[in-house]
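Pasting the structures in now, so scroll down.
Look for subunit A in each of the two complexes below; its partner is subunit B in the first and subunit C in the second.
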Partner chain A sequence: MPVVYLQNVSKTFENHVVIDKLSLDVFKGEFLTLLGPSGCGKTTVLRLIAGLETCDQGVIRIGGKDHTHVPACDRDVNTVFQSYALFPHMTVFDNIAFGLKLKKITPMEIKQRVEETLALVKLSGLGNRRIQQLSGGQQQRVAIARAIVNQPLILLLDEPLSALDYKLRKEMRLELRQLHRKLGITFVFVTHDQEEALTLSDRVVVMNNGCIEQIGPPKEIYEEPVNRFVAEFVGESNLFDAEVVETRGETMEIRVQGVLKAVKNRRGFQAGQKVKVLLRPEDMTVEPCKQDCPSGSFPGRVEEMIYKGTTVELIIRLEDGKQVVILEFFNEDAEDISYDMGEGVCVSWIDGWEVVLPHE
Partner chain B sequence: MKRWVGISWLTAVYAFLYIPLVTLMVYSFNQARFTTVWKGFTFKWYIRLMGNQQLLDSFFNSLTVALVASVIATVIGTLGAFVVSHYRFAGRKIFFGLIYSVMMSPDIVMGISLLMLFVLMGMETGFMTLLLAHVTFCLPFVMVTVHARIRGFDSMVVDAARDLGAGEFQIFYRIILPMILPAVLAGWLLSFTLSLDDVIISFFVTGPEFEILPLKIYSMVRLGVKPEVNALCSILFLLTLAAVTTAHFLTKEREK
Partner chain C sequence: MNENKGFKNTAITVNMLWIFLFVLVPNLIVVVISFLERDPVGFFRWEPTISHYINLFDPVNARVFTHSLTYSFGTTLLTLAVGYPFAWFLSRVGRRRRPLMLMMVIVPFWTSSLIRTYALVILMKANGVINSLLVTLGLAKGPVSILYTDVAVYVGLVYSLLPFMILPLYAVLEKLDSRLLEAACDLGATHLQVFARVVLPLSLPGVMAGSIMVFLPSMGLFYIPDLLGGAKSMLVGNFIKNQFLTSGNWPFGSAASVFLILVMVSMMAVYLLVMKRFNRSVMP
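Let's turn to the complex of A and B:
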């Protein structure tokens, strides 16, 4: 049974539909990420689960019980806010103890639990500090500690890493994963950063305009996006217009950029149908053009070569003017990747690594 | 060169502002009874002040009104500011704008309109009417001060408290109140001083049995400025100065 269950939930702010008949199950103990561009309603979903907003329609169940009209203070859910929202007039200890004090737990136990949690977030000994004396990263840890000390059924995290610098963000990512494993609490995480979503989650929910576009494990979201929005929002992608020429059971022949290619047919496309072919930059290949390109590849010219340490990004202009991005790795086969600007190349992809989407 | 121009300009401005006050204070220590000629240093006017029962009575009346009125205004004003900033309701902005207009309206208008109201309600002018009037004109100052402070901090803090299990009362008592306390105290001190030295509104709404200090001074001055009045005014000025300075530091503290 899901620990959180949203059914046909809608929310409107001043005539603007923010959440539109959204249904979502969150399973016990999982790390679920809501991913989407700003304004897609992901934070509102979080606030609905927290009880900080009430939905106009639909049902919210938490831990198997109807929570649609239960106020935030009576929900077994805690939130880590984007701005941390720490209480500036309290010490670190009092911030963390706030929830426990309201639950009328004995001072002895409060002290013990706060100390334990401080150790868990690596802030031991800082209990007497004032909030203003802490760095951004430390404040972030206090915010997490203040939520998890209550041992909630679900921990909600609203873009908690967005205020940190790149290095600290990567560190905290790792720590969040370890924390999730150690505590066994269900995490619902909101972010607009696709890298964060892919590296942290058990499942990713891609949202757009108050609706869910796709739910699945990170690998599935990245490798098998269900539509153009997901493909373009998660990771870089090259999209080609194509047309189905002939279908043969599990495979089909398509015409793309004037070239015939054999690809898998997983969605029962029909001959004559217009489709889009999605290719990730790392799934495409490039070869110097000797004379003519071999069949099944497209001729083009190198426009830009960007060195990225372990990879090289090539920007290639195809003959019809379409721009393609290709990622080449340095490895035993290619210790040195080097092209001249304007050099003629042949572009193709590894068979079977394409994703064919319906034309939208 | 430029620096000297600046300094002398500033000196001129401050001289303009403070020479009358300093003169008053200096002459409160003057031996002479009527003349403005310096006849030597004395504390006798301050001592004589202590023996003037009428004056002391009106001073205590003033203190009573100022204390009660400022406390009432602070409680109502604080709750008002909390409501205006915390809850969304129709006409919230107009509501707040009306608070400002009370603050800006001329004292004479306030005085006359309050008097009219009390007469229409059949209330006898005296302590009660004076108190109500003082609460009325202090209230906006408290609301504005407290409101500014509430707006100065992260509104998510309230959500966080609610998320951690706090009800409405606990949010106010444990989160909002400690955070706005400096502004509440500042508003209270401001109200206290405003109430203590108000002449115009009080003139209209108090009765003959309940005399307050500013009005007493006013009536004394009509017979010529006595050195006692100088002494009294010096004390009043220092009292006000202390209150306003404290209020200033209390509101300033949040920027640290």
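Let's turn to the complex of A and C:
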């Protein structure tokens, strides 16, 4: 049974539909991420679960019980707010103890639990500090501690890392994962950063315009996006227009860039149907062109070569003017990747790594 | 550049002169007179004494001060009780309706406070508006005495001083981050607990400022107890007024004034001290 269950939930602000008949299950103990562009309604979904917003339609169940009209203070849910929202008139200790003090827990136990949580977020000994005396990263940890000390059924995190600098963000990612494993609490995490979503989550929910586009594990979202929006939001991609020529059971023949290629047919495409072929930059291959390209690859010219440490990004202009991005890795086979500007190359991809999407 | 400097210097000089002549000098005169002997003909004689200050602590006179303090304290509590909910409402109401509501608080300032006090007399007197209404509606058999009671004095003081409580409270409540309230709710606080643990502590500067701005003037407003309380409620304000205008005892009136100023200054000092500590704890 899902620990959070949203069914056909809708929310409208001033005649503007922000969440449109959204249904979502969150399972016990999982790390679920809501991923989507800014303004797509991620925060609103979190606020609906927290009870800080009431839905116009639909049902919200938490821990198996109907919570549609339960106020925020009576929900076993705690939030790490995007702006942290720490109480400026309290010390670190009092901020973290806020929820416990409301529950009539003995001062002895409060002290013990706060100290434990401080240690968990690596802030031991800072209990007496004022909030204003902390760095952004430390405030972030207090915000997390203030929520997890209550041992809620669900922890909601609204873009908690977006205000931190790059290095700290990567560190905190790792710590969040460890925290999730240690606590066993269900995490619902919001971000607009696809890398964050892919590295942290058990499952990713890709949202757009108040609707869910796809739900699945990171690998599936990245490798098998169901539509163009997901494909392009979740990572860099090359999209080719193509047409199905012939189907043969599990496989089919398509014409792409004037070349015939055999690909898998997972979605029952019919002959004559227009489709899009999606390829991630790292799934494409490039070879120097001697004279003619081997069958099944497209001729093009190198337009730009960007060195990125462990990889090289090649921007290649195909003969019909289409631009593709290809990522090459340095390894034993290719210790030195080097092309001249304007050099002729042949572009192809590793068979079976393509994703064929319906034409939209 | 030079012209500008000339203008600045002139403006400052005129201002300083104005303050010196019409604020500092009169107050100094009051201080000096408070240490002189009384004279039935010339109001005072050039003979130093501190008898007036000792006289202030005479039980009869001291009662005026304690009585006054009680009134001022009561007025402060009442304005706080009325003003806080109003200021809260004002700070949470939509941006479009706010200017209108703020106007309602400020408009009374456009007429003289004395005239507004006379208006209260008309409302509260035996055959006034309130009593006519009560009798017509059958809620009272005959006129109820409101004017010349403590109630009337409180009504007058609260009415006159309410804006001084509302405005500082509004200023802090308006700046209160609503996300903090949501965070408290999220952590399990009921509305009452959110108020007691987050809203009230963070609005204390406004409570302090408003209280000072009501308490201090309420000690000196002599015409409100005079007009609404009759001769019965003698407060510091009308006590001082009487010394000057009725008894012709300028030195004693001066001593009472100086004492009142000292009380006010020490309260301001306490306020500033507390605020300094509060700011240090909330600001970075």
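Criterion: the second predicted complex is superposed on the first by the 360 of 360 C-alpha atoms of A that agree within 3 Å, B and C clash if a C-alpha of one lies under 4 Å from a C-alpha of the other, contacts with A are read in each partner's own complex, and residues count from 1 in each chain.
Just so it is clear, a contact is a pair of C-beta atoms (placed from the backbone, for glycine too) under 8 Å apart; a residue touches a chain by one contact, two chains touch by 3 or more.
Computed from a prediction, not measured in an experiment: that's the story for all the values here.
Enquirer: Mind checking subunit B and subunit C on superposed subunit A, clash or fit?
Expert: Here subunit B and subunit C cannot both sit on subunit A without a clash.
Enquirer: Taking the superposition on A as described, I'd like to know which of subunit B and subunit C A:Y307 touches: first, second, both or neither.
Expert: Neither partner.
Enquirer: Report for A:Q133: first if it touches subunit B alone, second if subunit C alone, otherwise both or neither.
Expert: So A:Q133 only meets subunit C here.
Enquirer: Is A:R146 touching the first partner subunit B, the second partner subunit C, both, or neither of them?
Expert: A:R146 contacts both subunit B and subunit C.
Enquirer: May I ask you to decide whether A:A50 touches subunit B, subunit C, both, or neither, giving the answer as first, second, both or neither?
Expert: Both partners, subunit B and subunit C.
Enquirer: Given the touch rule stated above, what does A:F329 touch, subunit B (first), subunit C (second), both, or neither?
Expert: The answer is neither, since A:F329 touches no partner chain.
Enquirer: After lining up the shared chain so the two structures overlap, which partner does A:S83 touch, if you call subunit B first and subunit C second: first, second, both or neither?
Expert: A:S83 contacts both subunit B and subunit C.
Enquirer: Can A:F27 be said to touch subunit B (first), subunit C (second), both, or neither?
Expert: Neither subunit B nor subunit C is touched by A:F27.
Enquirer: Taking the two structures together, which residues of subunit A meet both subunit B and subunit C?
Expert: Overlap of subunit B and subunit C footprints on subunit A: residues 50-52, 71-74, 77-79, 81, 83, 85-89, 98-99, 102-103, 146-147, 150.
Enquirer: Can you name the residues of subunit C that touch subunit A in the complex?
Expert: Its residues touching subunit A are 177, 179-180, 182-190, 193, 197-198, 201-202, 281-284.
Enquirer: Residues of subunit A touching subunit B in their complex?
Expert: Going through subunit A, the ones touching subunit B are 50-52, 71-74, 77-79, 81-83, 85-89, 98-99, 102-103, 146-147, 150.
Enquirer: Subunit C touches which residues of subunit A in the complex?
Expert: 50-52, 71-74, 77-79, 81, 83, 85-89, 98-99, 102-103, 130, 132-133, 146-147, 150
Enquirer: Over in the complex, which subunit B residues touch subunit A? Could you list them?
Expert: On the subunit B side, the touching residues are 153-154, 156-157, 159-167, 170, 174-175, 178-179.
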